[in-house]
Every structure is written in C-alpha cells, then in structure tokens.
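First comes the structure, then the notes that go with it.
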Amino acid sequence: MKQVVTFGEIMMRLSPPLHYRMSQASSLDVTYGGGDANVGAALAHLGVPAAHVGCFPDNAVGQAAAQHFRGHGVDMRHCVFRGERLGLYFLEVGASLRASRIVYDRYDSAFANLQPEWFKWDEILKDAQWLHWTGITPAISASAAQATREAIAAARRRGLTVSADVNYRRNLWQYGQRAQDVMPELVAGCDLVVCTEGDAEDLFGIKPEAGAENSFVSMSEQLMARFPNIRQVIATRRATQSASHERIKGLAYAEGHYHETGFFDINPVVDRIGGGDAFISGFIYGRLHLPTVPEALTFATAASALKHTISGDINVVTPAEVHHIVAGNTTGRLLR
Amino acid sequence: MKQVVTFGEIMMRLSPPLHYRMSQASSLDVTYGGGDANVGAALAHLGVPAAHVGCFPDNAVGQAAAQHFRGHGVDMRHCVFRGERLGLYFLEVGASLRASRIVYDRYDSAFANLQPEWFKWDEILKDAQWLHWTGITPAISASAAQATREAIAAARRRGLTVSADVNYRRNLWQYGQRAQDVMPELVAGCDLVVCTEGDAEDLFGIKPEAGAENSFVSMSEQLMARFPNIRQVIATRRATQSASHERIKGLAYAEGHYHETGFFDINPVVDRIGGGDAFISGFIYGRLHLPTVPEALTFATAASALKHTISGDINVVTPAEVHHIVAGNTTGRLLR
Amino acid sequence: MKQVVTFGEIMMRLSPPLHYRMSQASSLDVTYGGGDANVGAALAHLGVPAAHVGCFPDNAVGQAAAQHFRGHGVDMRHCVFRGERLGLYFLEVGASLRASRIVYDRYDSAFANLQPEWFKWDEILKDAQWLHWTGITPAISASAAQATREAIAAARRRGLTVSADVNYRRNLWQYGQRAQDVMPELVAGCDLVVCTEGDAEDLFGIKPEAGAENSFVSMSEQLMARFPNIRQVIATRRATQSASHERIKGLAYAEGHYHETGFFDINPVVDRIGGGDAFISGFIYGRLHLPTVPEALTFATAASALKHTISGDINVVTPAEVHHIVAGNTTGRLLR
Amino acid sequence: MKQVVTFGEIMMRLSPPLHYRMSQASSLDVTYGGGDANVGAALAHLGVPAAHVGCFPDNAVGQAAAQHFRGHGVDMRHCVFRGERLGLYFLEVGASLRASRIVYDRYDSAFANLQPEWFKWDEILKDAQWLHWTGITPAISASAAQATREAIAAARRRGLTVSADVNYRRNLWQYGQRAQDVMPELVAGCDLVVCTEGDAEDLFGIKPEAGAENSFVSMSEQLMARFPNIRQVIATRRATQSASHERIKGLAYAEGHYHETGFFDINPVVDRIGGGDAFISGFIYGRLHLPTVPEALTFATAASALKHTISGDINVVTPAEVHHIVAGNTTGRLLR
Amino acid sequence: MKQVVTFGEIMMRLSPPLHYRMSQASSLDVTYGGGDANVGAALAHLGVPAAHVGCFPDNAVGQAAAQHFRGHGVDMRHCVFRGERLGLYFLEVGASLRASRIVYDRYDSAFANLQPEWFKWDEILKDAQWLHWTGITPAISASAAQATREAIAAARRRGLTVSADVNYRRNLWQYGQRAQDVMPELVAGCDLVVCTEGDAEDLFGIKPEAGAENSFVSMSEQLMARFPNIRQVIATRRATQSASHERIKGLAYAEGHYHETGFFDINPVVDRIGGGDAFISGFIYGRLHLPTVPEALTFATAASALKHTISGDINVVTPAEVHHIVAGNTTGRLLR
Amino acid sequence: MKQVVTFGEIMMRLSPPLHYRMSQASSLDVTYGGGDANVGAALAHLGVPAAHVGCFPDNAVGQAAAQHFRGHGVDMRHCVFRGERLGLYFLEVGASLRASRIVYDRYDSAFANLQPEWFKWDEILKDAQWLHWTGITPAISASAAQATREAIAAARRRGLTVSADVNYRRNLWQYGQRAQDVMPELVAGCDLVVCTEGDAEDLFGIKPEAGAENSFVSMSEQLMARFPNIRQVIATRRATQSASHERIKGLAYAEGHYHETGFFDINPVVDRIGGGDAFISGFIYGRLHLPTVPEALTFATAASALKHTISGDINVVTPAEVHHIVAGNTTGRLLR
C-alpha cells in the first residue's frame, strides 16, 4: 500500500505527572506530538504506511522527537535536522471542573525557520497516495506556509488525495499574514477537510444559512461551492461534561448526504490531546479500507473515543480494537 | 481456628503502569496471584488461617511469588519448589470504553508440570477445616487435574468442607481432556460452588428450565440434583458499565431458599482482577463467622465490591472494613 | 496589603501512592499541612500576603515542613524551631465506596509542647490585618490553647479581623480540658466563624430552633446572640456520593441575610484534604477583594471545589482560575 | 530444625529516594527493620527457621511492619498488637564524603510501652534452639528491659543458646536506668556476644590490658572471665573510606583462639543499615551449619559484605550466594 | 549506504529497579534486546543503515519488542509475527562484590519455533552489504540453526561481508545437536569473527600452541587456517574489578598483524549488558568508515566502554561521542 | 543580618533520570537554577539572609521557578514577572568516562528581554550588605549587561561589598558586544572575584608572568593592579578523574598572601552542577562569619565538595555540616 504523508511541526510535551500543577512537579512526563504527525503515527498503528515530513534541531532533543515517531512506525526519512530548538509546551492535566492548561513555548523553532527548498515534494510523494496537513502548519511562519503550498501543489500534480484539518487557532498567526488570506488557497487544494461551523466562519466568512435545518450541512455545502475540490467535510461534536468526562459524536457531509454517529461516552478521560487527530486518521483508514462514508465515520469516531483512553498524543490501537468498539463493546469487559 | 487450604497455580502479573499500553511502558508493575491463592490471602487478612499449596520454580522468581503470599499471611509450608518457570501474564489496564486486555504466557509452568505424588494431602490437610479450589487448576494439565482429584478425595475422607469456583475458561483446556469429562467428578466432591448459568450449561449441560421464574434457582436445583453433596450455590451478577465503572450483586441458593443482595456501585474501579476471589473468600468467612446465608452473601458481595478499589489480586481488607460497607457506609466519608 | 496571620500545627502527611494500602507501599508520598497554615498558603497563591506562626523540631524534618510552606509564599519568619518531633499522619486514599483512612501519630509534637511566651503577638501582628485560627489548635495542649488565647487578645487589641474554623474533633481533646470549656472564650473573640449545626451543638449546646425554616440560620442567629463579635457565619454543605465523587455548596449568614450557592460537582476527587481550608481562604480573599458576601461565598465555594482537584493540602490556584469557575466554566475545556 | 527467636523493636524507616535531603523529597522510601528482627529475617532467607517477638500498634502501620517481616519468612505469631504508635526514623542517605544521617522519632512507641507479662516465654521458646537479642532493647524502657530479662531466663532454663549484640548507644538510655547497671545481668546470660572494645569499656569498664598484643583478645578474655557463660566474642572491624566505600573484616575469639578474616571491599555501598545484623545472622548460620569457628566467621563477614549491596535492612541472600563470595568470587562476573 | 543485516532472537528483559532483588520489586524495568539486534541498533545510532530479521509473537508483547527496535532506527520490515511467546529473562543488577544474576525464561519462544522458509534471504539481503549473526541463534533450535545456515549461504552468494560473534554458551544448546557439530559450517562462512581463546577451544578444539608468545594470535592463526574465509579475529579482554568497576581492552588479529588497545576504565558501570554487542558494532562501523584495523579496534573498544555507561542493551551513541573518547577525553568534563 | 543580593537568570533544568539519554526518557527530572541565584539559596541554607533579583515569564512556569527559590528561603520580592518564556536546558548526566552533556534552549527568555529600568537598585539594596553577580548575566543581552552595570553602581554608592564569578563562556556572548569590552568596567566595581588564569587571559589579556612560581598569584596580582577595588581573588582547581569522580581544592590570593586547601575527593559525584556556586557562597559565608581568609577558603571548598553529593543546583547544607567536613570527617560514618 502506498504511503499517507503528513507535514508539520512536532513539539515536546512536558506534563507534571498525575494532576500536579507545574510548581508541584519534581519531574515532568515527556512525550512528543504534532497534529499532523499524530495522524501518521495512528495510521501506522492501523497498518497504513505513513511518512512524516518535518524539521528538527540537530541535537539530542530533536533526535529524541524523531525517534519517538520512528518507534511508532512512521517513516521519518524525509525529515530535516537543522536549526536551534524544538518547540515545546507545558501541559497541566486538569480533573473534574478544573480544565487542563497549556503554556506554549514554541516560537523560533527549527520548524518555524525551515526553508521551503529543503523539501523536494515530488521525491517525497513518490510512493504516496495521500497528503494530510493541518491549519497549524501555515500559521507558524511564512516559510512553513510556503512549504505547505508547495506540498499541496505537488500532491495535486501527482494525483494524491489531499486532506486537511483546518483547525483555526487565532493566537498562532503572528508572522504578519492573516489566516483569512493564506488558508483559502491551501484549502482549495483539498479533497477532504475537517472543519467546524466556527472554523468556516472565522476563516472563510461562511455562516450556516439562516433557518438551515442542519448548520453543518449548510456550512459544508457553501464550503464545497467555494472550493470545488472538496468532496467530503467531517467534524466531531463534543458534549464535554468535565475535564474527566467527554462525549463525542462524528459528523460527515459527502456526496450530498449527511451522516452522524451516536455519542460515545468517555469517563474518565485518560488523555484528550490528539483526539481530533485520531478522528481524522480513523477516517482516512476508513476511506482506504471500508466501503462507505458512514462506516468510515463510525470507525473514525470510535477511534477518537479510544484515543481519549490512551496516554500521549498518539492513538496506539489496532483496527481490531476499533472495530470491537464499533461493534458496541463499550462496557470494558476484560479481554483474555 | 483450623486452616482453609487452597490449591492452584500462582502466576506473575505484569502491567504497564496507569493505563499505558505495552509498547509505551518502560517499567511494568509486578504482582503475583492465582484464583485460589487469592482466596487464601484474603482470608488471612480477614483473620482466618489459610494455607496454600502450589508449585514454583526454584529460582528468584518462584521465591518472590511465594514471599508475596507469605507476606499476606498465607502458610506456604506445603509448597513445592521444582520446575523451570513461573507462568505469567501481561495485563493492559483499560479505562472507560477501552477494556483491559490480558496476554497469557503460562504454558509449561512449574505448576503445570507438577507430579501429584509430591503432595501428601492427608498430611497437608491435617490442621484444615476447608478445602477450596477453582476450575482453572484441572484445566492446566492432567497432573494438575489428578492432584485436584486427590486433594478433594482426602478432604472428603477427613470431613472437610470443600468449595470450588467452577470458573470455566474454554481456551485453557489444551492438554487433551475435555472439561466436560473432568469437572463432574471433581464438582461432585463439593459442598459449595460458585457457578453461573453459563458455566452450568457449558460444563454440565444444565440449562434453566424453560419458563423458570429465576434462572439461577433453576440451574442451582438441577446442579444439586446432579451432585447431591452440593448444598449451596453462589454467584455474582455484574452490570458492567465500562472498564472504569462496575456494578455487582450477589446471588445464593441454599437450603431451598434464594437470596440476592442489592447492587454495589464501584466507580471508578481501581483493579478488577480478583473480584470473584474476594467474593468467595468473603462467603467462606461468612459461613465461618456469621449466622445466616444472607448475611454471608452480603458480606461476600461487599468484600468483592471493596476489592475493586484495591490494587493487586488480593483483597487487603479487615472484617471491620467489610462490615462498614455492609452497614451502608458507601459514601466514602473520611475515616480519622 | 497587610498580612493575614495564621497560627497552628503543621504535620507531615504520608500517603501510599495511588490507592495502595499501607502494607502495599514501598514508598509514601510526603507533604505537609495544617488546617490554618493551609489557609495562609492558599491566600499567598491568591496574592494575599500571609504569615504563619508555628513550632517545629529543629531538625531536617522540621526544616522540610517549614520550607514547604515558604515555597508556597508564606512568611515563616515568626516560627519557632524547638522540640523533638513533628506530628505526622498516614493517609490511605480511598476510591469509590472505600473511604480514605487516617492513622494519626501526632502526640507530643514540638507544637504541642510550645511555650506561649515564645510568641510575641504584638510584634507578630504588627503588619497584619487579619488573624485566622482553627479549633484544632486549642485541642492539642493547654499551652497551645493559651497561645491561641493570647493571639486572639492581641489581635482584638490591634483591631484585626479574627476568624476561626471551629472544627470540633472530639478525640483530639485529650489534655484534660473540655472543648466546651475552652472554646467559648476563644470564639467570643471572632468576627467570622466557620461553624456547622453539629459543631454548634457539640461545642456550645446551640440547637436550631424546633421548626426553624433554615437550621443554619437559626444556629447562626443564636451563635451571634451568644457571641456578639461574630458578624458572619459560614459553612459548606456536602452531598458526598463516594470517596471519588463529591458535591459541595456554600452557606453564609451575615448582616441578617442568608446566602447559599448552587452545588459544585467534583468527579473524580483528586485530593479532598484541605477542601475546608480552601473554602475559608476563598472567603477571606472575597471579603478583602469582592464587594458582597454572596460574591465572597461563591468565590470561596468555587475555590474549595477546585481544591478537590489538586494534590496536597494547599489550594494552588490563582484568583483568575477561581473566577473562571465562578463564571460557570466547569466543563473542563482545554485552556491554551 | 528448631527456631532462632529474636526479641526487639521494629521501626519504620523513611528515606528520601537516591541521595535527596529531606526537604527535597516528595516521596519517602519506606521499609521496616530492627536490629534483632533483621537477624531473624536474614536467617529465614538462609533457610534457618526464625521467629520474632515484638509489639506493634494495632493499626494499618503496625500491620504493615509485621507483614513485611512475615513476607521475609519470619514467624510473627507471638507478636502483640497493642499500643499507639510505631517508632520511626528518617534516614538521609549520604554519598562520598557526606555521611548518612538519621533523625529518630521513636519515643513512646508501642514496643516501649509493652507489658512484660504479655509474653509467655516458655510457650514462645517451646520450639526454639536459640535466642538472640540486642542492647537496644533494654535501652528502650524499663518494661522492655524486664521482658529481655525474662526471655533470657526462660532461654537458659530451656537450654537454648543465647546471643546478644551488645550495641551500646548512649543517647538511647533515657528511662532512668543506666546501661551499666542493666546490661551486666543480661549479658551474663549469653553464650555468644558481639562486642567491640569500645562497648566493653563503656558498658563494663573493661579495657584491653596495657601492652596487650591484641586488644580484641584482651577484651574478650576479660569479658569471658567476668561472664563465664560467654564462650565466643565476635565483632567486625571497619575501615570506612567514605559513605560510598566500606571495608570490613570479622574478628572472633573462641575456645582460646583468635581468628580474623581478610578485608572485604564494598564500593559502592548500596545500603549500610543492617550490616551488623547480617554479620551476626551469618555467624549463627555458621555455628549451626559449618564445622569451625573460622568458617562461621568468614561466612558471617561475607554475608555482612553482601548486605552492603542490598537495599533495606534485611540481608536477602541464600547460603549459596554467601558461599560464592567466601570462595573468592568478588569480581561481580555476571551469573547466568 | 547499504544495510547491515542482523538475524536473531530479541527477548524481553525485566529488571528490578536500582539494585533490588526480585522479591523486593513492585515494578520491573522493561527493555528488549538481543545479541545481534543490539548490533544493528547501535549501528543505526552510528548512522549505518541496519535491518534486523527476527520472529515475534503476534500480540502486544511482540509488537512492543519490535517497536523498541524500530524506534532505535532499525528496519524491522522483514520480521515475522507468528508464534506464542516472547522469550524473556529476569536480571538482578548487582553492585560491588555482588554479581548481577540472570534467570532465563526463554524456551519455546516464537523465534525458537520459526520455520526457515519464512525468510526469503535473497530478497532480505537485496540492499545489504553485511550480515551479522551470533552463536546464540543456532543454539536455540534446529530451525533457527537452519535459518542461520541459509542466511549465510545467501550472503556469501551475494558477496556480502559476514561476521559472527561466536559466543559459546554451553547450557543453551538443548535441542539435540552439539555446538561442535553445528558451528564449524556456519563459522566457515564468515569473514570476521569475535572469538576468545575459550570459545575456540570449546567449539573447535583449537588451543593456543604451547609456548606461544601471544595466545590470541596463536588461536587466531589456527582459526584462519581452519576457516580460510576468516580474515579478521577480534575480542575484548576484561579485567573485571567488581560488578561496579570494569576494565576492558580490545584485541585484533588481521592481515598477519596483532593489535591491542589500552585499557578503558569504567567505574561505575551503569549497565554491562550489550557491551560485547557495542564492541562488534563499533568494529563494523570502523571497517566501513575508518582506514585501518587499529583505528577500527580503538573505535570499537571505546564504543564498548561507553556502552557500559548507558542503560539498556543498546549503545545509544553517535560517532562523534565515540571519537571524543578515542581522543582521550575520558575525564568526564561537562560538555555544554 | 543584612541581605546578600544576587542578580541573574534562573533557568529550568530538565534531565533524564539516572543516566538515561534524552531519547530513552519518558520523564525528565525538573529543577531550577542560576549561577547567581544558587549562591543566594545556598547562603539562605547557611543562615545568611539572601534576596534574588530576576525576571520570569508571568505564567505557571515562571511562578514554579520563583516558588522553588522561595522554598529555599530566598527573598524573591524584587523579581519581575514579565515576558514570554523561561530559558531552559537539557542535561544528560554522564557516568565514568561518559561526560554529562547540556543542550541549551535559552535564547529570547524573559530575563534576556528585561528592561533595566524595571529594577530600582537603591530600593532593592536598601537592606543589603553584599551584591553578587556572575559573568553569565552581562553575556545574555545588552539590557542584562546594563542592569548589571546599574546594580554594581548602586552597590558601590551604598558601600556594599561586591563580588563576581567572572565565569567566561565564549558562546554565550551573541548580542553584538564583546565580553572583552563589557566585562572590565563591571569587574572594576568588585571587591572579590572568582577568576581562573584562563578567564583572566580570555577576558583581560592577563597572562601569568613567564617563570612565575605560582601562576594564580601572578594572575591575581596583575588583576588587582588593573582593578584596584579587587582585594581578593579565589578559584577552585579541579583534578577531574571521570564524570563520577571529582577532586577539588580551593585557591585564594588576598592581602598579599596565597592560600590553598588540600584536595577533597568526591566519589561518586551525585550532581556537579552548582559546585562553583557552592564555593562562592561558602566563601561569602566565611568572610561574614569566620576570622581569616584561609578559614573562609577551607569552608568554601568543603561546601563545594559537599555540593557534589547533593541533587539539584543548590547546596542544601547547614554550617554545622560544612564544619563537620572541615574538621576532617570525610569517611561518611553514619550520623545518628
């Protein structure tokens, strides 16, 4: 099977153990993740060949990050080791009514300072069938945005499927360009996007039509009208109860049809970071292995629910484990 | 007070900490347990003298397993140290909708290779009042089945009470004999059995009568008819909500009467392994110290509920702690 | 801003990790706390200058306890380092229906053996605006009771606000005087007390009037009648579901008005020790920074709810974090 | 084989992990030990039946201490569970030129408050061949001294061998009697003592004769002259290099002959606590299983050296492991 | 650069933390290793492309082992996932005069039960330049020996360099064939072997000539005479001081010349497992990147010395780090 | 006693536990330190009032750093909380011949971006007797250099003693000014400097006179000639054996006399970071409390030796502990 290729920044994540606050910690749990690389790693666990393209400082910290993803089975051959620092963030894990909190320390990272010409996309995508990126990447720096542009162009040129998690984060865009100016061109190159009504309004000024029966459908139709390459729009809907109790369902609009799953209940949440990445990786798996959109959507949502029970950014689950949940085995009966 | 003697295999249990998956773990929590030895250890914590009979490799691993149970107060004097390896299993602890998973690595253990003649049951049972075994033991090997047979025979000869947790596990029976051929003779020697309707059908072909008001009663009556030594049949009923949320109640049929307790709610579950062993040890305690079957049953079910809040296989609780729950103190108010 | 000064014993708290029982632990988590010092430390995190007055053995253990509070920002300058031992206790952390349990080992501590004359209250309270104490302090020893008496007298003399958490614990009073004889004089010097109907009956023989619409109001009015300095009576009401699930609301009676908050739901509880101390510290903060009693009460109750999600005795939260909860953000949505 | 019985206090030992100082620790490693019980536990690991007699508070802490020794194979049947607290101490583990430091918190323990009549020595010693005690026990309280007296008397009455580690610790004797008054009568009942020249001078006023060729021999001869039951005197000589590097040899005077071993070099030291207890347990083993005093002495010294490489108070080693060292295998070549 | 391919069993290694004994451990550190795979992983860290060929059970345990090596950069594409169990061993880490001890539990592993036809060597070795194996592999089972035979044959056919660590372990050979019968044919296919005088005598009956000036040279010359493909013989010489203090030097005989390095002193040893594998991987690196045998030997020995300071089986070092040691920087001055 | 005030950057230090490499770590030990703040914290442990002046990001990370030093007893009142990030570094702890390695990630920190006018030195130094700074501070940024300049000016104006550790680190100076241009003016304001011959040559072009009997004296005399305020020059001399074994002695030149101590041997080293800071803090203590320079020097060197046995940057020792070493008690005999 040909590779799914992801492109984006991988950061170090440092968390006080259990539910400690930063000032209480004498050690920090360390792992590595990124919204796109997580998709690749989850796909590798699902048995889909995955490669990630990124940029790391050429020191013990950058090597550790790359080794982490290599261990998860991601082909890291195209990564570049140049630059000074790995972006990082501190995560205090909340509980009950106390929210988890992130303090970012990611500016001026090796990835932010990449040069687009370091990446020969035609070479990189030679064995690939799919390119996936997220809206975080073009938000980091002008050069990261340019590299994304080139990756998408090469992918389209080579006939790959292109997907994106548009994932708009207002306070990331600090290099002098507006998301509203950069994103449309990039999204225009996509076949599939993860996009909520909020994202669509913020980025593209698209609002569900007044009186629309289903705001997600209305948004999706307008999005597809604006960007004709887009054939599928998906998203998760969360009914968050507390930092420890999550409920999610999946939504999809494709081929003129709307689909949604029932709610999956996760209580307690072990680790919510990467839940969205697990969703899109599940959907990509589904489109590659399952016959219909609703089956892919249910698989994706079950995969995302499972991710909430797994430590770290990456959804370490097999297809059989996801199908077990899809089949309704959610009562946690011991498997021998 | 005379001893309760248990017979069976003790295995090493290796679990990634917290809810990690095997591939994420750089250390594994280690403990030791066995369906019968756990009953003895729980009884020792309840103040009932207990001895366990087993077989361990004569190396640091076997010694560690024996030392673990010795620490819990179990008389390990009759154990034999011969053979090559300790059976072991890997337990990934689930959460929410993700089930816990066990990978067994137990074949060809020192226990499986025991010689029945190593155990002089008349000597071993000299100071005993009760023998307890589980359906796992005769499933392990022909020699283990034979030793169980001899233990039961000696116990009956000496007038001990004999109990069993029939606990049918289909994929354990791999040494060339069928559970359906081996178990009836062994169960015939019991005064008390833990048996569900499923076990009874699988092992003895006993199905609740069509239209029976209470399937457990119907099964129990047929079981008693077939095996006249059996005077009491007990079981737990689980209404499992998720890997983190369990609800259990206890059932008993004895002296022509059916008893059941209310549901005990356990949320979150700390460790579900050994919950059944805690139930039977609580019932044995109850029959030795409490006047009636319903009181023993409630004590047993409360003990099992408490076990779900305690790490490891063994129910480390005192009688006072169980009675505290029986008295309805389940809201967890701090005890100073 | 002037200091809030607290007076009382700080103990070492030793807990088996996770939900282990004492006999299962090969290490014990260690922290330090005291019902009054915890109030000071929480205030320091809220930005209110706080000083604690206590007595520690002059050894590595006493120094560690003092250093702990110094780290939390408490001025420990007035503490005395004399005596032999630090009081300590062992805490087994329960779960679900298993309650947490404390084994105390606190007699004959350096604090219990303090000499009242070691504390020059006029000097200590020179930069203070508020004195807070708890009913535990006069329960420890005659000399501790006497020092409390002197502290209150000095505080009143200097025009400070005086508050107390009356916190009656029957089995603490073992030095030959009765709480009922000692406490009234001390409470008489207070402007604000935390007091439940149970405390009021046990300590002062005050029972809500038969048929009173609101027992808390009835109790508070009688308390104020008996002790005219008291202007505000507050308390929390708990609807404890299990060791892992708590619900609390706050009550206040002040200036002839009764106020109560809605229930805050905490599931799971991370650490319930110090929840009451967080409440009173929140209320003191509220009286110093917020315009009305109901606002202070809501702030206090939200602070207490947050404390249940934080390890250790001390409420490590900022005012912004409490206001975030007060504003209804209790679904734990990730804060970036 | 008949039991070796030990009598004395078991304490909780709390240490910051690695080489942390108390104020740096957020957890403390916990274990349990006592100068006499450690001898019993080491003997149990060497295959010699051992029983310990002690007194513990009847709570989770006391039970944990007893369970610890039960796990090591010591018969704890004669222990009494009455009283309030377990004595404890804090151990900061040094390194290189920084010495390890102990802060004791042991006064008023359950053991100190024992009543001599709780122990029926004729019953306890029924299956015993040997009684061992240390000079710490009579130092704790008058009642502990009295119980020691009664134990020795019963042992002599029953023809047991009696041994003692005289182990004089000046600052322990605080209950109003002098070691110099109490110890002679007790030592008079011993067949074998561990005693250094310093102990002999401090306790019995015995000084090596001026100009004696061998001060240990001179001391031993005078000791035997004063206490005619004593047939063997042993000790270790330490040439301590640093907190991390120890060198020890063993000395014995028996049957008119002096023996000493070469130095054993231990670098690094893993845990020096219990090194002396390992020595005496090794010597007891030697007297029971080896033909000559020098062989017993070498075995004892090698056992003590091994103890320095093992965590905790107890020498967890088999006879084969000690003989391996005795045979000169001290280069640590991997054993497969 | 073309790959170095290794073939052999990977086992789980379970060690009590620090210097604990098995019976003292409540968790076990877990890692994975194998004498051949370790060579590949070390080469990957040195920048040499490496692939490993092995066989794992198709469960979470086998996947974890493979993921471990994948993380270290080894191409695991040719591994087979079939069979029941992963071989494992328990390692107690000694200190000072106490040796480390291994308890093996490796029989009947997935690797032992492999079928030679699962491995298509011409395909596997397509991109390879070097094949490395160890004497452990043919010792495991007849089928493992057969697969080794086929691998060597294919390698020679394709013109690869073949190296072996003959590593004779008497008690491994238990499947009915003698090492002395199996090994000669395999060694005959090698260009380079790690072999000590002891191995040569045990396996091939080769003894250094009486009166030979240099026993290693004498042995090597005879080995080369017997097996004409062998062009280089290397080994390490150890002057082990204790479990914590090691001294090693490297020996080589090649092209008629004998070379040896000075001693490298390692004190303390962090982890001695894999020291030999680091040596051979260093030598392979040296032959590929350095001009002369002595330079390769010094690099290999320095790499092995470094390995003793690194946890786990695998030598996680870069070429620059080894060259830093080669250049004499062994005083450990902080590198900023 | 009046305060010693330090000024400089505090960074987060992140280390893999034990001797792990970055890529092997799933958690990182976290502590905080800075070459100047460490001096203040050590002084606080020695009983000398200390205040630190620094700049931290106003988030959970900055607060944690400040809380750490506050716990050690340092007055942090004058610190400013403004800016984006805390500088940090990764430390791999070496062993034996493997050196420890640091990867810095410190650019663009809150401290580097401080504004000199944020610090009102006359106010800050109001209660101070001593100002201490290091050569790292002016290396960080122009504004940090300017603030140092202003601090020294204010200190001299107010008659404080000024000391500096000149500590030249070539690769830190990256903001466009040369150390050789900046440092002379700053050093000119000092009474006491820590300076090696290497520093003097690199920074000031001072070389020991050819043929000088004592290069340190020659350098010191020239330094004093150039900067007449300097009255004392001190340094440590290291005879580093390995990453695990250090030997240090202290040198001083003052009042025309040269002093040096003997070597202190540290084996093993627990943590070498902060050894120099411990030396200068010991010397400051000595000048404040001991009569002569040689006594201060011995105290300082013993303090530095002790630091090598203590985890973290800060020398957590009391004066009595240092005097114990000074008195020759370096064999690590257990202190009870």
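We just call them A, B, C, D, E and F in the order they show up, numbering each chain from 1.
Following the convention adopted for this analysis, a residue touches a chain if its C-beta (ideal position, glycine included) is under 8 Å from a C-beta of that chain, and two chains touch if they have at least 3 such contacts.
What you see is a predicted model; the values in this text were computed from it and never measured.
S.K.: Since chain D and chain F are copies that touch, is their contact same (over half of the numbers shared) or different (under half)?
M.R.: Result for this pair: different.
S.K.: Pick from D-E, A-B or B-D: which interface has over half of its contact pairs in common with C-F?
M.R.: B-D
S.K.: Relative to chain C, which chain's C-alpha centre is the most remote?
M.R.: The chain farthest from chain C, judged by C-alpha centres, is E.
S.K.: Chain D and chain E are the same sequence; what rotation (0 to 180°, nearest 5) superposes their CA atoms?
M.R.: 120
S.K.: Mind checking the centre-to-centre distance between chain B and chain E? Centres are C-alpha means, answer in whole Å.
M.R.: 45
S.K.: Once you find the CA centre of chain A and the CA centre of chain E, what distance in Å lies between them?
M.R.: One centre to the other, that is 41 Å.
S.K.: Hey, what residues on chain C touch two or more of the other chains?
M.R.: Correct list: 21, 23-24, 26, 67-68, 71, 101, 268.
S.K.: Hey, which residues of chain D end up touching chain C in the complex?
M.R.: Chain D reaches chain C through residues 14, 17, 21-23, 25-31, 59-61, 63-64, 67-68, 84-86, 88, 90, 92, 101, 103, 105, 107-108.
S.K.: Chain D touches which residues of chain B in the complex?
M.R.: So the residues of chain B in touch with chain D come to 67-68, 70-73.
S.K.: Touching residues of chain A toward chain B in the complex: what are they?
M.R.: That would be residues 71, 264-270, 305-306, 308-312, 316, 321, 324-325, 329-336 of chain A.
S.K.: Taking the complex as given, what residues does chain E use to touch chain D?
M.R.: Within the complex, chain E touches chain D at residues 18-21, 23-24, 94-102, 104, 169, 171, 240-245, 268, 272.
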